[in-house]
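Each remark here refers to the structure printed beneath this line.
To keep things simple, chains are lettered A, B, C, D and E as they appear, and every chain counts its residues starting from 1.
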């Protein structure tokens, strides 16, 4: 099994301070990998560095090809969708325009239309508000929109930064089910940052533990979940 | 006194605004000494130019209090500069009021005018406020020409006023005296601004700039503070206008076009948005750079000016103050990494 | 010590030499003048809303180059220092001070604009530096009692206004006058001249007086209003761009009043032609300078001389603009004054000579119009002649009239 | 009554000028999310290019097309060279660069083509239409072109992917990148379009006000007023706003005594402030609603 | 709502009299009465009522778009209800403008962070103390002696909370570059320095991991116990809500669907259907 996305010796600065200190990770083709860690450990920075939103040093390989230093939009065009922290809603545009933008680089119009319906099927609330300005949605609704927009890309890799943020528990379950389904049906590789470690470990098949910009542990979710320290710190039992 | 200093010492580690770092104090004193000495060594004409630099600096500081500190845009500060100038000119010319006494009057009138303009401006944000103030700037010369007020304003002819002599038989030229007078006003106003910015009021103004909703939730009366910020900003610019009238000895509608407002904006950005010492750099920029550009090429003076402006923004995208901060930060990083 | 003594001796000798040669008037200099040089300062709007006038400064500069190339004035070269004030009075003050205190010019010549000149008038008179031949027709610059160091040149706006009033009273005593004027000192001076000239009849004859601002995009609305107010005499007090707009709009809406166009905008090349020669037919104006685009002067010797000057010294200059021949003529006037001043190049003598112009004829002035000034007459040109545009050229008619405002 | 009608028509005619400019203003606002103070000078400069081509003997429509194309390229080049390097600088720094551009274009135009007015031809017949002398063929032609431009822009922005991408890039550049939009080029394209529209506006306006380097100053102000009154986010609003400003200015200038005459300019500005007081995002503008 | 039938009005009246004195007999600190909010055609809150006695922690839960944040915004007077009333210490707050909510002792944090980006952590916290100090432009500009003393007192209070929340190391840094969770703590410190009687927390656990959530839970209880601050908590993190709340109110489609102790609400059919689903994260 080759790594779909591989990161080698990633270093990044955030403001004046170094946020990542040479970090390696692999994302298996069609796999789901979770990044766990405390606040400020650098999880979000990893995602932002991978898709070129911040300057970084080290190697980032997609299908074995280096994508470090490539502009964000070009990384996206290689099939990497990012659900960012803070959702990145186009507040002045309508819900449907937001979704349409997710498929901006695609040319298959009929398929795009079908995908919009698919997103609406996943999130009926969005369908109700399709003509509303996206800024009027509640926080949780905007989170759904962000996930929906990412799906519109028909991505090959998804970078998810806390997709559960602001979602009701039932919605969290639903969103993760949807993501799992997409992961299976479209063979999308997922890199997940999630504070809810229980959820993340249930959802993912591999996990990395980050502390202050370094990987301190990695392995299958079963291994990680069984670790005494992880259990105490992140799972609470 | 000593006791209070002690309290300050104890609290000092975190109370950012209350104590200015020693190097800043030292620098301020140094600049002040140089400022006091300069007129004794240069020509009257240069003294006159430096006086204008200080006047522009006060006006720019006024704009900075509004835009840099409170986040409200204004392209209309030429209007307040004009009100201040006209107040002084009318008081001196029509009522024989001594020039020094006209400054507080000009300041108060501008405070009120600014406050009143600030009230409707509350409903406007960002670009829309900029446009409304732009409108104010453009309308100002026309309003000054209005025949209804011609008795006071002298209409299109404007008002010529007399330049004051140094008091108490001081052995100074008129220009030197006005320089020191302006310097005194500048020191008072800059010190007041520095205190204001680092105080509770200053924090509230900055909070409104950064997040008006959260500021409200913290109990800040945003409407009042924004209007008052407009008023105080106008006061600064108005006092500058008053000084300008005394130094130039003449006010006329054509002196206060929106190009003046644009100059203030340029001065503010070049000096550094939100920076107090930056206002002086901005004042010097708008005073000397056009002349420099004219020396390079008469026909293309403003093109040269534009090019200089672009270069300045390229080199210092956040103005001189931001540039200094950036360089200081780099130096600090290098020093600390070498340690 | 020795050197100093020698120098003193040399100076004494030189003094003796001067006294002993009666052919040369005693050499006396104020700052800005020397054996080899006369420094002349100038302030012009090369930028800003009035930058069209910048052409005047450029032409004067070219003319002084010609003077210098031809040997200068009494052997002295003119150094012409011209600064931009962008038509902003505070800047005018700064530039005037720079010229006087830093460049140490002998005099400031042709500073342009009423507001700017007002701004520096007190300063110039306080410093006793000539503010000579200001480029504005406002009446306040010919007041030798209060301001002995300030002098105008062109016929003032009020005089011209009076000339039109005279014409209206004479030819159209029952006319209904509509006025369009620029809302500044210039416009208001014309207005005052016209009203003073009309006297008691002003109130009944003027049916509308509409101002415009320099920043206004068009004056179309005003023209429409004037027409619908029933005006049949149109007093057009506008600067070139608006004059052209007014002429065209009037023609467009079929309004054909008796059209009196102020001298400021009667250039064929830069106003009437853009506005449309057909539309400009029968417009009346006054003149005192020959228009280069007017075929009347095709074979005029002075005009040929001017053309030769333009071709040689200012080839890029716009020959169709009346500013160039205006500047040429006013520069000649200064040369005349400096020539008269001879070797006594003091500021006082310059003013004395400027106030001592007697029937000076300059080539580009209309025939019969001469420069005259005296200690109580600080308006060198006071004569104008009315002219009518026939769709191609101006035709002078009637007598050379004088403005009646000012000394003499 | 007759005067009223005449002024109304004159207002519509001048309103057409403002509408043209307002459209260009809104256009650039849509693509860069702030207002370009040099917009008027860009239009003026383009018009001089057209004038130069005509002076070299080009046919009108040839010069017209070439000017629009050159202006488009010019707009793109300005964005790529001047604004790309300072993409991350604060808004105020951008405004200062606009001011710099303003003075450069104005100065260079004056230097190259002198400050004296030049007449600029109209592509429309000079005979009055239908014997109506109050609104000229050129006025009508200009209004027609404005409307055509408006429709084209509407289609572009509301019904094409490119338009959507441009709006997204202006509103939220970071998110736009995250969906694969080449934000830099979208902004450059916006500049190009704004410059091209400005060029058309300039070539339509110049026959009325005469060509000179400062010709756009007053017009920009009124165009701005139109854009603000109509709402900076709405091209339709901007055009309607432009006409409204023209009409109100003319009527108020004529029928309100003393103040109306002397403060014609001010009236337009009072209008801006008044409209903004009632509807802070203009009559047709959409307010950006955001939840806390 | 005012046009409601007599029966409804009587019922409402009965409920009001019932709840002005709560079970323990203490008057509620906060009383929400039949609050209705509409946005255009959408009803965001539809007659929501509940009481919050002093010294209690109330958890507010509900699916996305149920109206929780809307209710918060009513409490901080950013929105005005179409009908209904909100009383604080027995007095209606609807007549107050937003900035005069803090002075009566209501502080809040924001779901998606609303910090003052350009200010340092310390200055952010100091702004929280705005209502606790007096001052005006003139005395601040002149730097009158009283100003300095007040500033120092406030700075001490701020220091206390900054240390308490473990922000000492970053106190001088601008907030903008700090990690999300740290920024959340800054918000909390900012709200606490105000010394509110009622603290509104909008999803404070968002972006925190388990350990941090546990810390937060302890902190919320401590805030209540040590400072006597009443807390209204909107949160999706069920672990937190259920462990710290005395009472839980559940909303759905703008209506209250359940109110009671955490254990009961957790088992409520309607709550499970609308909100919890099968997974209880």
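What we mean here is this: a residue touches a chain if its C-beta (ideal position, glycine included) is under 8 Å from a C-beta of that chain, and two chains touch if they have at least 3 such contacts.
Computed from a prediction, not measured in an experiment: that's the story for all the values here.
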(request) Decide which interface, B-C or A-E, involves more C-beta pairs in contact, and give its chain pair. (result) A-E
(request) Tell me, please, which chain's centre (mean of its C-alpha atoms) is farthest from the centre of chain E? (result) C
(request) Between chain B and chain E, tell me the centre distance in angstrom, where each centre is the average of that chain's C-alpha atoms. (result) 41
(request) Averaged over CA atoms, how far is the centre of chain C from the centre of chain D? Could you give it in whole Å? (result) 37
(message) Centroid from C-alpha atoms only, then distance chain B to chain D, rounded to Å. What do you get?
(response) 33
(message) Could you pull out the residues of chain A that touch at least 2 other chains?
(response) 16, 136-139
(request) Could you list the positions in chain D whose residues touch two or more of the other chains? (result) 103, 106-107, 110, 221, 262, 265, 291-292
(request) Spell out, as numbers or ranges, the residues of chain B touching 2 or more other chains. (result) 138, 142, 145, 213, 299, 301-302
(message) Can you tell me which positions in chain E touch chain A when the two form their complex?
(response) 39, 61-66, 69, 111-112, 177-182, 203, 206-212, 214, 236-239, 274-281
(message) Residue numbers of chain D touching chain C in their complex, please.
(response) 2-3, 6-7, 10-11, 13-14, 17-18, 103, 106-107, 110, 114-119, 128, 133-134, 136, 205, 208-210, 212-215, 217-219, 221-222, 249-250, 253-254, 261-262, 264-265
(request) Spell out the residues on chain B that touch chain D in their complex, using ranges where they run on. (result) 67, 120, 123-125, 127-128, 130-132, 134-136, 138-139, 142-143, 145-148, 213, 262, 265-266, 268-270, 273, 299-307, 309-310, 313-314, 317-319
(message) Going by the contact rule set out above, which residues of chain C touch chain B in the complex?
(response) 46-49, 82-84, 86-90, 93-94, 97-98, 101-102, 114-115, 118-119, 121-123, 140, 183-185, 188, 213, 215
(message) Can you tell me which positions in chain B touch chain C when the two form their complex?
(response) 43-45, 48-49, 52, 138, 142, 145, 155-158, 160, 162, 244, 248-250, 252-255, 257, 259-260, 294, 298-299, 301-302
